[in-house]
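In the two complexes that follow, chain A is the common piece, with chain B as its partner first and chain C second.
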Partner chain A sequence: MPVRLWRKPLDADKIKIPRGEIHIIKERCKGCNFCIEFCPREVLEESEEFNEKGFHPPRVKDSNNCALCGFCEAVCPDFAIFTVEKNCEGGC
Partner chain B sequence: MSEELHPFETFLRREMIPHIWCDGCGNGIILNCYVRALKDLDIDLNKVVTVAGIGCIGRISGFTNTDSFHTTHGRAVAFATGVKLANPELKLVVISGDGDLFAIGGNHFIHAARRNVDIHVICANNFNYGMTGGQYGPTTPLDAWTTTTPYGNVEHPFNLVHLAAASGAAYVARWTTLHARRLTESIKKALQKEGFSFIEVITPCPEIYGRYNKMRTGIDMMNWFRKASEIRNQSDPAKAEITPERIVIGEFLDIEKPSFGRLLRDMTTRVQEKMRKGR
Partner chain C sequence: MSKPEPSEEIRIGVYVCHCGLNIAGSVDCEEIARFAATVPHVVISKDNRYVCSDQGQELIKQDIKEHGLNRVVVASCSPRLHEPTFRRACEEAGLNKYLFEMANIREHCSWVHLYEKEKATEKAKDLVRMAVAKAALLQPQEELVVPVTRKALVIGGGVAGIQTALDLADTDYKVYLVEKEPSIGGRMAQIDKTFPTMDCSICILAPKMSDAGRHPNIELLTNSEVTAVKGYIGNFRAKVLKKPRYVTQECTACGDCVPVCTETAPNEFDVGLATRRAIYTPFAQAVPSIYIVDRDLCLNKDSIITCDKCIKACDRNAIDFDMKPETLELEVGTIIVATGADVYDPASLVEYGYTRFPNVIASLEFERLINAGGPSGGRLIRPSDMKVPDTVAFIQCVGSRSEKSGHFYCSSVCCMNTIKDALLIKEHWPETKIYVFYVDIRAYGKGFEELYKRAKEEDVIFIRGLPAEIIENRKNHNLRLIGENTLLTEVYKIDVGMVVLSIGIEPRQDSDVIQRLLTLSKTSNGFFMEAHPKLRPVDAPTGGVFLAGCAESPKDIKDSVTQASAAAARAGILMARGSVTAEAITPVVNMENCQVCGLCARSCPYNAITVNKELEKTEVIEAACAGCGACGAECPFDAITMRHFTDEQIYAQIDASTEQDADKKIVAFCCNWCAYAGADFAGVSRMQYPTNVRIIRTMCSGRVAPKFVERAFSRGAAVVLVAGCHLGDCHYINANYQTKRRIEKLWKKMDRLGMNKNRLQLAWITAAEGEKFASKIKEMQNIIEKVDKEEIEKSKLMVRGGG
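== the complex of A and B ==
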């Protein structure tokens, strides 16, 4: 276990980590892979499928890992990916 | 995962998207940060004019859903100055290339900064003339390879943030496209500033610059930015020269001084008053 997790904050149970829902507009993707490379939680990976332009759009590897930081959206040059907060009312 | 609308859709001219920039090009990130800044500030898009010159980045004026103008090469700052003086309630944003702003347009830039004209300039610095085939220009680093410096560049480049600060700008910052969040915050700040603001954005051009300099992909170039960037807010821009080992980024200058438009309007009012009183 990493050192920083040895001690648990007292209010850890009360703090809700937001969950992100990732939307990918596949046809816009030009395959630069910035979102895959710079996602701090390695949520995305390259897919095998081709889009109309012949690029491999990203796909979600593990959506439960997304903490809604939105960096994929910020660093996408093609407006091809964005995140919205997942509705976790009934549990995620 | 559905094909929903991107949250910035209304800030773009949808019929122009996908844009023309290469895969791995950073210009789209600059566009992304710019429209996010407009959205966050909740600015009336009818009051914003996006002006660009010629070059790859120049196409940005056709992609944003603000009023816009794609000027002739090097004249974006001159055009924006005119619009601002004629119509002071408009917000004038110039987004253009290193070649456009600092080679052919260099004099417009330094004099607009000197006069503290109320415009906001964002320079996409990709170290070369991307659109015309990757020729070297005034920002190409010493020793760098380009299509017209096949044995390495023998010229010293401009340090743009130093040039802007020395010329008289009121706000000067430099970021890279990897620093998308900080860049957006910086654009928001610059857009609310009175006077001449300048933001240099170091951006990847893997297609025609990176490939000659051992950075074949956009990711290679972004990883160089990650490795070499050092945030030094309020540091001396004279010491912010870009080298392969070090890219100093941050906010270098943020000062208050009356803009050209304000001084001109004050003077006009004073003179008119004097005339009315019969001198």
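== the complex of A and C ==
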């Protein structure tokens, strides 16, 4: 059998991966869902609320899961979403 | 195949050898020569003291010229001894060597019937009659010369593959070195130190790795897998799937891409004890030193680049997510299989608690922990609290030498590996108390016993008897080992801080793929089988394929390297010569009879027959064929002619052997490699047995078609013996399983027909089992005595294929 990888790596706690903070400007959104569709970590989902244009803006499912790739920001046709690095000094 | 003119008169010369008194002592050779002269087609027959001597050979050559002989029969020793000698003499006189036949009247007659001169002489007459009958039907044959491509494919880039590749490349052959991992290096790269010299493993391996990486004759194909192999010795066509790395040659391995990558996974190289990113290099000394993207882990799945952090971090624009898999087609003459081994998964031994107790680790994890470049920087730490343990226990034979759990065989490296590991701990932390629980310590190699002695001197405690159970203290994660010290017959309970399970070596999980691609065979343990365990230890049974390293059996680095160089030398011999000659004993398909049913192709252990149902064509790839004859025995339409062992020739031998007193005789079909050689060995050892057996040699017992057995019975033979190599030891991979199947079918048929089934015997006799052969013949004597006239008449009438 190939080697079983079951242990938590010894350095697992030392490796710091930057985490993103997602900001959604709801009123700009016109519900194309690109950000939801293309997010590689499936961080976003469609919300039930309506913005003033009558669209469902996205909502953050799990903020800890954002890898800060910035693709939602790049793909949004309405500049309605952006990410910044989360300050994790006190722990995330 | 050139056939003689039908009008050509068959002129056979028979030479009866005295072999000093070896034959003449118990066989009347002059009488045999006189007898031979009366056999049809024999135009000249002579006896001679030593036919194999220069003078004897001269005699044959002269007669061929003077008397226009077109077939030669020598009645002397075993063809396994002197057939090449006489064949050469025939060739020198201008006679095709396939027009020569031998009657074995020494090993199979004079030596085994030392005290029965009359009966032995009668038997020798039969043997000569059989040889002459076959000789009359012999055809000249031409041997196929196959060119050998001067390129080699090495599968597997561990130390064995690297060594083979380097040796071949240094001899000036082009080598493709295929490795499925991102870097070459294999298991040796993971190990900290080597035994018994305590060299740093990667320090001695890394220079070899980089030599292989930059050798002008070696094309390194990492992250690649062999997906198809077609062809045969000297002319293989291999397909290699080169999976994309997504990082180009521009990479300088600076590592700037790593910190920005957000995706992590356990690093396989560190046995999961350290983390790697989606873009990574498995270890610092990796060759090629080009990073690789694990696309399954990376955020950029499919074709959408969502994350470009590594692309931005790379100054040299070396990252290219558009790389596509490539399939390379390689033409090579030889293939070396150095695919290595897996390790036993100790989690299946529940009593040792691996994966339940954090401080129970496997020996491969130990290697990474004690390695200065490893995840703990060389500090041997307990995974539970990251502290250095003050007592360590090693448990041997985990997954080895047990029929109950794991594997039956010895993994051969674990004893010495543990001793080395124990000394390493002592070197760094001399106060550590170390226990080794063992079954036997096998310190058999050069310098091994010395190392074992040193370990004992340094107070490593060896206890004979493996723990029955490990119990964990839940508070401090210490471990209690309970078992029996079998030397003192005392129960022990020992508390330790850490347990290292000395895990065994097992065949690669995916070794079936390579087995199928190259038609290799495996031992019962699952490792690849060599062509001969003593004399061809690195040749695979398939021509042009060689084995090196742990793919063949568990072995240490030194043995792997030795075998690798041996495999390179063996492959080099083929490639240096540039061509290979195939013995002309391969089948020819007669398309007039062939029904394109495909049975022959299925029976071929070498995949040497291709059947094209659409074109109604059955073709033999002569160079891939080894000449066992299983296809000939399988064909229901008599469409296959096994050259030099044709149906007609074998019928002629059966008929000649049963011409007189058939009802008192045993017709024995013996395979060339085992049973015939076993009968030879009985002769060499002068084992005496009854004179009534008449042996017909075939290359493999798989050649024996049911119709041959039926013919023998219809001719009134009392008993028929079919003898081959032991199951699993067949010289034609597994053709003797077909023998078994055919004989079992014949037994059923005999049963149905009301015949005595005992009259057909099947025996597996190795070349060393002369005694077994002799006692088999003795045993069959009893059967003959029970076969009465009625029984013989029954079989004569009832069995198909008579006359």
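By definition in this document, the second predicted complex is superposed on the first by the 78 of 92 C-alpha atoms of A that agree within 3 Å, B and C clash if a C-alpha of one lies under 4 Å from a C-alpha of the other, contacts with A are read in each partner's own complex, and residues count from 1 in each chain.
Assume contacts are C-beta pairs under 8 Å (C-beta built on N, C-alpha and C of every residue); 3 or more make two chains touch, one makes a residue touch a chain.
Everything quoted here is computed from the prediction, not taken from an experiment.
After overlaying the two complexes on the shared chain, residue contacts for A:I25 are found with chain B alone; chain C is out of touch. When both complexes are overlaid on chain A, the residue A:N33 reaches chain B alone and has no touch with chain C. In the superposition on chain A, contact of A:P77 is made with chain B only, not with chain C. In the superposition on chain A, contact of A:I15 is made with chain C only, not with chain B. Once the two complexes are laid over each other on the shared chain, residue contacts for A:R41 go to chain C alone; chain B is not touched.
When the two structures are aligned on the shared chain, A:R7 is found in touch with chain C, with no touch to chain B. Applying the stated contact rule after C-alpha superposition, one finds that A:V60 touches chain B and leaves chain C untouched. Common to the chain B-facing and chain C-facing surfaces of chain A are residues 38, 71. For chain B in complex with chain A, the touching residues are 1-4, 6-9, 12, 17-19, 21-29, 31-33, 36, 177-178, 180-181, 184, 217-219, 222-223. If you check the complex, the residues on chain C that touch chain A are 262-264, 266-268, 270-275, 299-301, 304, 306-309, 342-345, 347, 355, 358, 364-365, 375-376, 381, 383, 386, 506, 509. The touching residues of chain A, when paired with chain C in their complex, are 1-7, 9-12, 15, 17-18, 38-41, 67-71.
Of all the residues in chain A, the ones that touch chain B in their complex are 22-25, 28, 30-34, 37-38, 53, 55, 60, 71, 73-80, 82.
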